[in-house]
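First chain written, first letter: the chains are A, B and C, and each begins at residue 1.
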Amino acid sequence: MKHYTSIQDIPDIYAWIDEAKKIKENPLKNKKLGKHKTLGLLFFNSSLRTRLSTQKAALNLGMHTIVMNVSEDAWGIEFEDGSIMNGTTAEHIKEAAAVVSQYCDIIAVRAFPTLKDKEKDEREQVLNAFIKHASVPIVNMESATSHPLQGLTDAITIAENSTKKRPKVVLTWAPHVKALPHAVANSFVEAMQKMDVDFVITNPEGYNLNPNITKDTPIIHNQKEAFKNADFVYAKNWSSYDSYGQILKKDADWMVTKANIGNAKFMHCLPVRRNVVVEDAVLDSENSLVIQQANNRTFAAQLVLKKILEDL
Amino acid sequence: MKHYTSIQDIPDIYAWIDEAKKIKENPLKNKKLGKHKTLGLLFFNSSLRTRLSTQKAALNLGMHTIVMNVSEDAWGIEFEDGSIMNGTTAEHIKEAAAVVSQYCDIIAVRAFPTLKDKEKDEREQVLNAFIKHASVPIVNMESATSHPLQGLTDAITIAENSTKKRPKVVLTWAPHVKALPHAVANSFVEAMQKMDVDFVITNPEGYNLNPNITKDTPIIHNQKEAFKNADFVYAKNWSSYDSYGQILKKDADWMVTKANIGNAKFMHCLPVRRNVVVEDAVLDSENSLVIQQANNRTFAAQLVLKKILEDL
Amino acid sequence: MKHYTSIQDIPDIYAWIDEAKKIKENPLKNKKLGKHKTLGLLFFNSSLRTRLSTQKAALNLGMHTIVMNVSEDAWGIEFEDGSIMNGTTAEHIKEAAAVVSQYCDIIAVRAFPTLKDKEKDEREQVLNAFIKHASVPIVNMESATSHPLQGLTDAITIAENSTKKRPKVVLTWAPHVKALPHAVANSFVEAMQKMDVDFVITNPEGYNLNPNITKDTPIIHNQKEAFKNADFVYAKNWSSYDSYGQILKKDADWMVTKANIGNAKFMHCLPVRRNVVVEDAVLDSENSLVIQQANNRTFAAQLVLKKILEDL
């Protein structure tokens, strides 16, 4: 594999899930694969799980890691071609990406969307600039529109916890106080579309995700109806896609509760705002998979790095 | 050993001092003990010595290290149970601690007190939340009320420099421009109470430390009298404990000087404000042990990590 | 070698260039030289290339690295002797340097000039304080007046790309929106003075560099004349040295363009503001050496670290 930027880079999700499970059983098996190789982790935004799990995955493979908070540690980066750089940006991505490629064997990048300029976010300005101008493989640690390490993690977690041949999986919008990206939801949708699951999305009117991603996945505006017979409920807030980046609704009626979720397993990518997105009783119950999901981040990242290292 | 959170976790301080000295003589002797183990260092506050010496200790043991400045790199963390997280905090410690536990074999945490809410500080909200919600050992890199890596360091340094069977050790309050925590003083008091030393505390009226910690250690409000025949003078500022977090006094009469300290060895945990806490002439003299103390931080941390690794 | 603080620390630049080229051919040849040695990288200012390439160099030599953003991660540092530290600085360089020396085998420091206090900048307050108070070798990762890792890199790059026995090398001032340091220009001048090249500097009136550095190197105030028959054009902005730290001129007539540079190879230390310092057409042409220069930063740093490690 060259780059890992989207769930669409996974040719056979069940084969990947199997391989990830094997890595989880024996994380140090390939500890020499990354010898003398360096992973550069570039953060344009905050990160806890991604930061730690991706480093951990690299260490398990014997790689060195170099971490940079781009905005604080280095220079403002320019992404527009042809711009006259007499403003706040001091370095163009053309140079930055080419330069970092010389110090790192793989570059992992996190860069959130503006949530203001839909067109800019959709063309994945930062991620695609790295792909274009770097000379080494790029791993998406959450871009403007996708979070494929999370999506892969979620697929692994569902596979680990399925007791049925074809479980019912519900992605539900949940309330939040801030305008959040669509990346996690998008990649989860794409992952579920590749799996043999009964998958539905539920969200309020005005909150439908990008139809180019949801395609023919059913979208139900009645959460209660959607939750019926659910085996897995994945909660996530996102801002409106149609009224791009807007918060149309904050009230608690879409919060996931013990009462509305029933016996379904609960999933969330974290961080999660307790008693806003989901109530304590769900997170603190045995049906919550959120900690296991976070653990699987390491093995999803390790699988991706392994596949890239094998093709270097 | 499971966690290292307080000087009270040291069962036999002289045995520990002996072991630390042996580590200092041959720091790489146990360089395989930490192989494939990861130490996560989480900083809620600034750090120089602790940051570097704890990393160095881990490297000497063959561990990997992952460092995070929690406030800058990740998300605002919520510590209150049951809160509705619709404010500035984005992740609850329940998730954060459980998640980080999955990427790290040991978690070291630095989290200073508020100095405003005595009750909150005394129940060690952050440190205890990690102990409660993490599934791996926790090392205290300075909490609201104690700094046991520093206290152990200080015990080692006094043992290295004692020329008498039972030296006189004085902990003196010293002036400062900011309201500082009690953690270093508390752990030093607890360490001295475990050693066979003639130990007295001297501080102005209104600056007595927590009586549950000082217990029957003599407190003298006359610095000159306290310094008489001292072998070691340990200077440290702290804000008032009774008038919690207040600065009652800033004037220089309690500053440690060559004139008032005589031939006693001088100790301080650093960073130290020169000519405020102690005058240049003391710090620049051969009687100053502050650099040696800082060096011993590595071996104190290494001893603690070694004991935890041996019990993993 | 003890410290590496200036191009003047290079006894024979051609011997160093040859050795750097050999390191570039086989970067892992000395991967055991730095075993169990730690490089501390202390940044008082932003850094991308220096941060990554110096870490990479250390990793290639088998060293551990510990990175600190001093201003964010630790305490405000005091550099004045005898000061009463009742202001914003919390730790004196005397302690900071001595302490860090105990955790690191080599300390690399980046500390930019004030560009306000010429005298202070010229006595290299920060760098020299580390040299004075640290007990281990110091590497200059760009100080107030010099950037010798960059100067060495530039010498290597010119040697790699020379097709003539004695190429013509031009250092040209270029416009910029901010007041920038003289360090890169100074070290480039010093490097060229050590090489067998036809070296001239071109800059507007009022922008002459420190005459103690330029010495008898020709300075031409007509860029067009200076560029005639140039083999290498090195562009760099600097603020005025005479009107210390001032911007006297911002207009684009000194920008490097395809039209004025002709077939000369283009060099710049990066980060570079496109279409302010140099136009896109130059940076995007095959004559641009900037990415190669950045790559050579690793090998310059590795050569310096190697020489220091060999003498430890």
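The rule we apply is simple: a residue touches a chain if its C-beta (ideal position, glycine included) is under 8 Å from a C-beta of that chain, and two chains touch if they have at least 3 such contacts.
The chain list, named the UniProt way, goes like this: A, B, C = N-succinylornithine carbamoyltransferase.
Please read all numbers here as calculations on a predicted model, not as lab measurements.
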Rotation angle superposing chain A onto its copy chain C by C-alpha atoms, nearest 5 degrees: 120
Shared interface numbers for chain A and chain B above half of all numbers used, same, or below, different? different
Between the Cα centroids of chain A and chain B the separation in whole angstrom comes to 39
Multi-chain contacts only, two chains or more: what residues does chain C have there? 72
With touch defined as at the start, can you tell me which chain B residues reach chain A in the complex? 36, 38, 40, 64, 66, 68, 72-75, 78, 81-87, 89-92, 94-96, 98-100, 102-104
Residues of chain C that touch chain A when the two form their complex: 28, 31, 43, 46-49, 51-53, 55-56, 59, 69, 72, 177, 270-276, 280, 283-284, 290-291, 294-295, 298
